[in-house]
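Before we start, here is the structure in question, set down as structure tokens.
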Amino acid sequence: MLAWVVPAMALLLVAPYVIDPFQTLTLTYGLIAAIAALGFNLLLGYTGLLSFGHSAFFGGGAYTVAFLVKYLKLASMELFLAGSVLVAAILSALFGYVCVRYTRIFFGILTLALSQVLWSLAFKFFWVTGGTDGLRIPTPTLLGMAPSDDKMEFLAHHYYYYVLAVFAICVVLMWVIVHSPFGKALQAIRDNEIRAEFIGIRIRRYRLIAFVISGIFTGVAGALWAPLNGLASPDILVWTFSGEIVFMTVLGGFRTFVGPIVGAIAFTYLKTYAVGFTVYWQLLLGTVLVVLVLALPTGIMGAVERLASKIKKSG
Amino acid sequence: MDLLVTQALAKSFGDNRAVDRVDFTVRQGEVLALIGSNGAGKTSLVNLVSGLLRPDSGQIIFENNDVTRQSPYERIKAGIARSFQIVNLFDQLSCADNIALSIFSREDKTLKLATLASRDHAVWAEAHDVLRRFGLERAAMLLAGTISHGERKLLDVAVAYALKPKLLFLDEPTSGVSTREKAPIMDIVTSIVRAGGITVVIIEHDMDIVFRYSERIVVMHQGAILADGTPDQIRQNDAVTTTLIGTHPTGESAYGSTGSAGR
Amino acid sequence: MAVFLIHILNALLYSSVLFLIAGGLSLIYGVMRILNLAHGNLYALGAFVTAWAIGLALGAGAPNVVLFVLLPAGAIAAAVAGAVIERTLLRPFYKRPEEYQLLMTFGLLMILEDLIRLVWGPNPLSATSVYASLGSISVGGDRYPAYNLVIIAVGIIAAVFLWAFIYRTRFGVLLRATSQDKRMASALGVNVNRIYIQAFTLGCFMAGLGGAIVVPSQSAVLGMGVDALVLAFIVVVIGGLGSLEGALAGALIVGVVREAGITLFPEIELAVLYLIAAIVLLVRPAGLFGRA
């Protein structure tokens, strides 16, 4: 698997010079989704908890940026990221504290319900959050560099590389975490929570920590997304958006490390083209999901791995 | 010295008095067999002592400390460990991972998330050493869910053993294993724990195993302790033999009769 | 006094519909251990089918009586849809981990959302003539729409019928047996597959009925299913998943709190509901009537 890292990174590095700006923007959205999915999968793939409430952290990150712009008149992407990390940490600590007492379906319901609280607050307190109109977010400064006049060029070039850098950092961080003793402990909890408890792992505590880390990653993704989208609205807090995060992770395969990354990028392209292709894009994507779960439960990466081992066996 | 003492320990499930005011003692360094027919309360007793269940009343004293209110985590840190009757392993992790997890946990290293687990060579060396002692070297890199049943039973014990406990409860370590494999498993287990100076309590149904490997036998029946003594004393205890075995057991039975045979 | 009575009626009204939706959700979960994320869309389907049928009948000049007879059309449509869904999409997942079921029903949600749009278009459908045809009655001096009482009545009848069905009929016994121990029931000769499809169909029927009876008082709009599902979740969280009494208690609580909230704290009324759900979960995890 590591053999793919270098070519993949090389491709990502030259992308803006090879594909047109619209494609680059789509790819940027894909990388942002990948960060969110990476965070989400710490909970699903490694800890065995299926959250239907991650939109809360994504939206939390995005709205943090919006508030920093609107109320503190800030414009620095670094401050945006710092702020969203803080907010996502607090939010996920709060939600996590309530949710990790439960597992499986109850956990899913609770995360869903709690994220809906946030959605309803964003909806109702429209004088603060802009309601359904949302809040505008102008292009920020990147490491002090102010956006150029050609906004499209700035986004498709400088912002892309900024996101790519953050993405790379997130990938490395998450890779270390899942391969650390803590990561092993999470997998133990996933595989057999009773045994994990009886070798001395305090499962609620570990689940909470995983929850917070997961929320922070997703919050960072939301913060990166906000200036690209230019607008923060309640749409990203709705529970069906959480479902999309689940979808993309399962699409790529939640049992591998790179699965969520692949799935997020694939889903982003899939949705972009579906939305452009038909007004019934939900029907299209919904069918994809059903077929996926029926026929290809280990996702794209699962299928790739099976194929690779078949080739290895016959070759 | 008495390593573990329970005082009037009781637990009921509805009308069923699973553990009925039991005074149970385990002395340091001994190998004790806990026997009784199904439903006698053996596993419930172990569940209470290890912390899986909360007692309705009574106390559990470990090394002169009252641990009755302590969580499983605290009891493990105090030195009580257990294996499980139905194999409880981390099936999607390798055997080495399974053992290493106990070691990481024992050393309070499981909260480290900024270092790679593979870099802690001491832990992995010890994990491989444990696997070697249990005869599981060849399965080190295999997933725990893919090895044979007998190997899984051994691994289940090894995972508890790797915690370096003072008191180890083994819940039917040979159940589901063919007669041929039982003795080798018990040989490994008892030699390892003896070498480590670990006090062991074994729940067993196989009377051959019980009489061969234990120094002391505690017999439970309907939630209470029926008898307590050396294998010879138990063998000659009429109440025990009629309740449990049905006949006087000789030394040469090919396959130890299980509890309900004579009832 | 009249105002208070009207508030009570409004709360009961809301509770009735919620009970139908959440009761169906809970029934399905109780018997099959499946949480159907698309359940709200079956409620929506019921609303759309009923509104459409009534619209057709109105166009054909049918009298009011016929319109009322057509009300359950949505419930039947939802039941049929449920039967088809269970047989084709759900059955492969019984042996799989429940995460996959959730995902599958989420995909189903997206499909149903757009199927409704495909068939009936993006505009709301209404059946206000039915609503208006009953006029209003006097409640302590104030006027109150008589149709609302129909909704409340249907809710009460449904609750009673369900209770009798589950606790007083042979099918109910089989249902309860299967929900407690599927393998044992199967070993005793119960056709678990048949029980499953019947339970699922019944649950969907209830959701569809909720949509059908509510549509005269509010139109069928896209997205109503997704909104309804979250409320149904709150009801089962408070009342306990898998319990009929829980769905009833939860629906009543949510109905009352919502009515109180709308009157007293209109801004945060929705958030208050979610907060109550969270509190219940902290204090009594399985819900008021749930089994852990």
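Going by the order they are written in, the chains are A, B and C; count residues from 1 in each one.
What we mean here is this: a contact is a pair of C-beta atoms (placed from the backbone, for glycine too) under 8 Å apart; a residue touches a chain by one contact, two chains touch by 3 or more.
These figures come from a predicted structure and were not determined experimentally.
Enquirer: Among the chains, which has its CA centre at the largest distance from chain B's?
Expert: C
Enquirer: Name the chain with the Cα centroid closest to the overall protein Cα centroid.
Expert: Answer by centroid distance: A.
Enquirer: What whole-Å value do you get for the distance between chain B and chain C if each is reduced to the mean of its CA atoms?
Expert: 50
Enquirer: At what distance in angstrom does the C-alpha mean of chain C lie from that of chain A?
Expert: 33
Enquirer: Starting from the mean Cα coordinates of chain A and chain B, work out the distance between those two points in Å.
Expert: Between these chains, centre-to-centre, one finds 44 Å.
Enquirer: What parts of chain B, by residue number, touch at least two of the other chains?
Expert: In chain B, no residue touches at least two other chains, as defined above.
Enquirer: Can you tell me which residues of chain A touch two or more of the remaining chains?
Expert: As it turns out, chain A has no residue touching two or more other chains.
Enquirer: Spell out, as numbers or ranges, the residues of chain C touching 2 or more other chains.
Expert: Not one residue in chain C touches at least two other chains.
Enquirer: Would you pull the chain A residues touching chain B in the complex into a rising list?
Expert: Result: residues 176-177, 179-185, 187-188, 190-192, 194-202, 206, 209, 213 of chain A touch chain B.
Enquirer: Show me the residue ranges of chain B that touch chain A in the complex, using the header's touch definition.
Expert: Residues of chain B touching chain A: 50, 52, 71-73, 76-77, 81-82, 84, 88-93, 97, 100-102, 104-106, 109-118, 120, 159-160, 163.
Enquirer: In the complex of these two chains, what residues of chain C are touching chain A?
Expert: So the residues of chain C in touch with chain A come to 29, 35, 37, 89, 92-93, 96, 98-100, 102-104, 106-115, 117-118, 226, 230, 233-234, 236-237, 241, 267-268, 270-271, 274-275, 277-278, 281-282, 285.
Enquirer: What residues of chain A sit close enough to touch chain C in their complex?
Expert: 44, 50, 52, 98, 101-102, 104-106, 108-110, 112-114, 116-117, 120-121, 123-125, 238-240, 243, 246-247, 250, 279-283, 285-290, 292-294, 297
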